[in-house]
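By letter and in written order, the chains are A, B and C; residue numbering begins at 1 in each of them.
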Amino acid sequence: MDMVQTEKLVFEYEKRDEEGNVIGTSRAIDEVDIDVKEGQFIAILGHNGSGKSTLAKHINAILVPTEGTMWVNGRNTSVPEELWNVRQSAGMVFQNPDNQIIGTVVEEDVGFGPENLGVPTDEIWQRVEESLKAVGMIEYRHHSPNKLSGGQKQRVAIAGVVAMEPKCIVLDEPTAMLDPVGRKEVLKTVQKLREQKKVTVILITHYMEEVVDADKIYVMDHGHVVMEGTPGEIFSRVDELKSYRLDVPQVTLLADELRKRGLKIPEGILRKEELVEVLCRLS
Amino acid sequence: MSIKLEHLNYIYSQGTAYEKKALKDICLEIPHGEFVGIIGHTGSGKSTLIQHLNGLIRAASGELYYNGENIYQEGYSMKELRGEVGLVFQYPEHQLFEIDVMTDVCFGPKNQGLSREECQDRALEALRLVGLKEKYYKVSPFELSGGQKRRVAIAGVLAMRPKVLVLDEPTAGLDPRGRDDILDQIAYLHKESDLTVILVSHSMEDIARYADRLIVMNKGTVMYNDTPKKVFEHYRELEAVGLAAPQVTYIMHDLAGRGLKVRTDVTTVSEAADEIMRVVSQYK
Amino acid sequence: MIRDITIGQYYPAKSIVHRLDPRVKLVSTLLYLISLFLFKSISGYLIATIFLIAVIRVSRVPFSFIVRGLKPVIMLLMITVLFNLFLTRSGDVLFHAWIFTITEGGLVTAVYMAVRLVYLIIGSSLMTFTTTPNELTDGIEALLYPLNKVRVPVHEVAMMMSIALRFIPILLEETDKIMKAQIARGADFESGNMIQRAKSMIPILVPLFVSAFRRANDLAMAMEARCYRGGEGRTKMKPLRYKGRDRMAYLTMAAYVAMVVVIGRNVPLHVWIF
């Protein structure tokens, strides 16, 4: 079943001069078609300003299309009556860990979503406990979010989304402000959620190492989807990626470099084990 | 022209229940003209350390010498020191405040008591050094893109004409190209204007590419202080404290483990390619 | 400096006072404050003192911690005392020099005023020491709920309070960071006259406002994404429910007020001060 689907999605925002008069429009997203099946792990790559975050905000109906359509779990996000259903089925985790935690105590923050949905008190407690366990933060339930590390805060934010029992979780650059340890924590958590809860995950990022396991990757540039395929397919096009201001993991880069120097190395190598294997067979 | 730290100690919230030793007996010397990388995970003391270098934080004990002068001696001008040792904080664009780029960059030189013309000259020089296009000089800094804002913020410190430039994770939050652009610019500054650069980073790959020397901080102490190659030989110990060597270093170790006679002290992609080609051609 | 202020801080401890319903604590604190102005005699002060000490003991908040909370208001206290001491003219003159005159009435007023002020501060800070900011906002929301009928947005105000409480430490930290960054660019916040100092705050205030707006924007979006749509149709994770101990607390409070009013107003030990 389709979890997220767009059809010629366009989003325009108005450009204004200093007095606030509209002087034209700018297309942040230009006729984008994406298709995400239930249970998939999808990555959207792109440099800052490529339109990837704007696209993400459509999935949660924070933004609605100027033209074209976005369906989430079979519901059209442009229909006002569907707004809360859309937001409940597609949860969203944002970039800045500080600016998305509402509660002053971890467990109360996780309870915020269910409270908004009108879930009965007993069930809220159950959901909070379950979600905090799922992200491995249960022992911090009575802590103040201000005392947590960046990675821990992001895990609390993820728990807050999980507690709303969405079918799909959209993560908009969740690791951009974290250190390597925090980044690993968050990715491991997402991985675990996919296995345990079978949720659809849409990860928006510009760290290539994070998307090696994705089922499908979309690369965005100037509001368009410019590349689409499996990680192997995408990472075999090193020069093209670089032209979109992106990067590839060092292994892929090394494999590409060696191939250019005449070694017989297959395209699309993503893990160091693969490269080591190939090189050992070569010599 | 050097920075020298002798038995430096710093304690957070001294005298309260939250007391925590942030720096323990740090001894370091950073000679003029070096490109030094500092690495350590959050809470290792690296941010505290760099704030000592321009006197923003005063050590609990120990001495800090800049050009042979003890900065803690009476009458030493911290203000002058801050002009000599420029410190660029994390997300420096969050400190921009003036109506246009030019005026903002002038803030530092103005505080140094320079005349209007001198301020302008220095600002122009700094903006050129960071590679910002001239059409942006009279634009409000808030209208620029993330990468451009960061350049302006770095220019704001460069305009004070520091001899030492300390940068705390200057690439945080930028996309890959933006990251490379900023680092290349810093490397260029280091070469062109005879600057000592101290770069705090989370990326081993970046440090390996640019730094002459790498200082690894852990739990408030200096764990390693050597060339990146030498430091990355200890990749197992680095892992134990939540750090890692660049990915290519691991590949070389794995290859060596499988019997390929490659050198393992390799830290960059091009080096690794050279080394693998050398070994593979021998086999042929 | 900022760290020294203990008023409004929570002191974590396990006591029956901590566990009371926030509504009980809010109402009781209000009653206690009012009670301080209901009597005019030494016997009244005695009862108020004994009651306050008893509550402090039960709350398990260390006395030294409470005293520290008084420090920032000591100036205010001194001014009030001095005003009353020199400006009240009634009864025998105890001391006279140049333009300064202290009368018996002035002395009594000053002492009573000081005691009242100190009790007022201790009484209200005791509430914040034993109640987390969340409980406090919940309590206020519940108590003010009837105002909803006259179109006061009670839920929204409570939500604003709790968000403010969450972001104050973040913004304080941010201020510190911005300040350091500007000092690194040679800014000087310490020298100069009032106007120069006020001007030197601009490089801190502009970035701070920009950041606060950015955070507000992000937070609003995050709240919407989590289906927040105001107080309507919302359930509570921690609804307020009165328990046995809360009813006991209300009864104790009623008994105290009755005693203060009856004894404080009628037992002869009194000295009139107004």
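Details
Keep this in mind: a contact is a pair of C-beta atoms (placed from the backbone, for glycine too) under 8 Å apart; a residue touches a chain by one contact, two chains touch by 3 or more.
Because the structure is predicted, anything quoted here is derived from the model rather than measured.
Of all the chains, the one whose CA centre sits at the greatest distance from that of subunit B is C. If you compare B-C with A-B, the chain pair joined by more contacting C-beta pairs is A-B.
Centres computed as Cα averages put subunit B at a distance of 45 Å from subunit C.
With centres set at the average Cα position, the gap from subunit A to subunit B is 30 Å. Listing the residues of subunit A that touch subunit C in their complex gives 57, 60, 62, 84, 87-88, 91-92, 94, 96, 98-105, 107-108, 111-121, 124-125, 128, 145-146, 160-161, 164. Interface of subunit C with subunit A (complex): residues 132-134, 162-163, 165-166, 169-170, 214-215, 218-219, 221-229, 233-239.
Those residues of subunit C whose C-beta lies close enough to touch subunit B in the complex are 177-178, 180-188, 202-203, 206-207, 210-211.
Touching subunit B in their complex are the following residues of subunit A: 47-49, 149-150, 176-177, 179-182, 206, 208, 245-247, 249-251, 253-254, 257-258, 261, 263, 272-273, 275-276, 279-280, 282-283. Touching subunit C in their complex are the following residues of subunit B: 51, 54, 56, 79, 82-83, 86-87, 89, 92, 94-97, 107-108, 111-112, 142, 156-157, 160.
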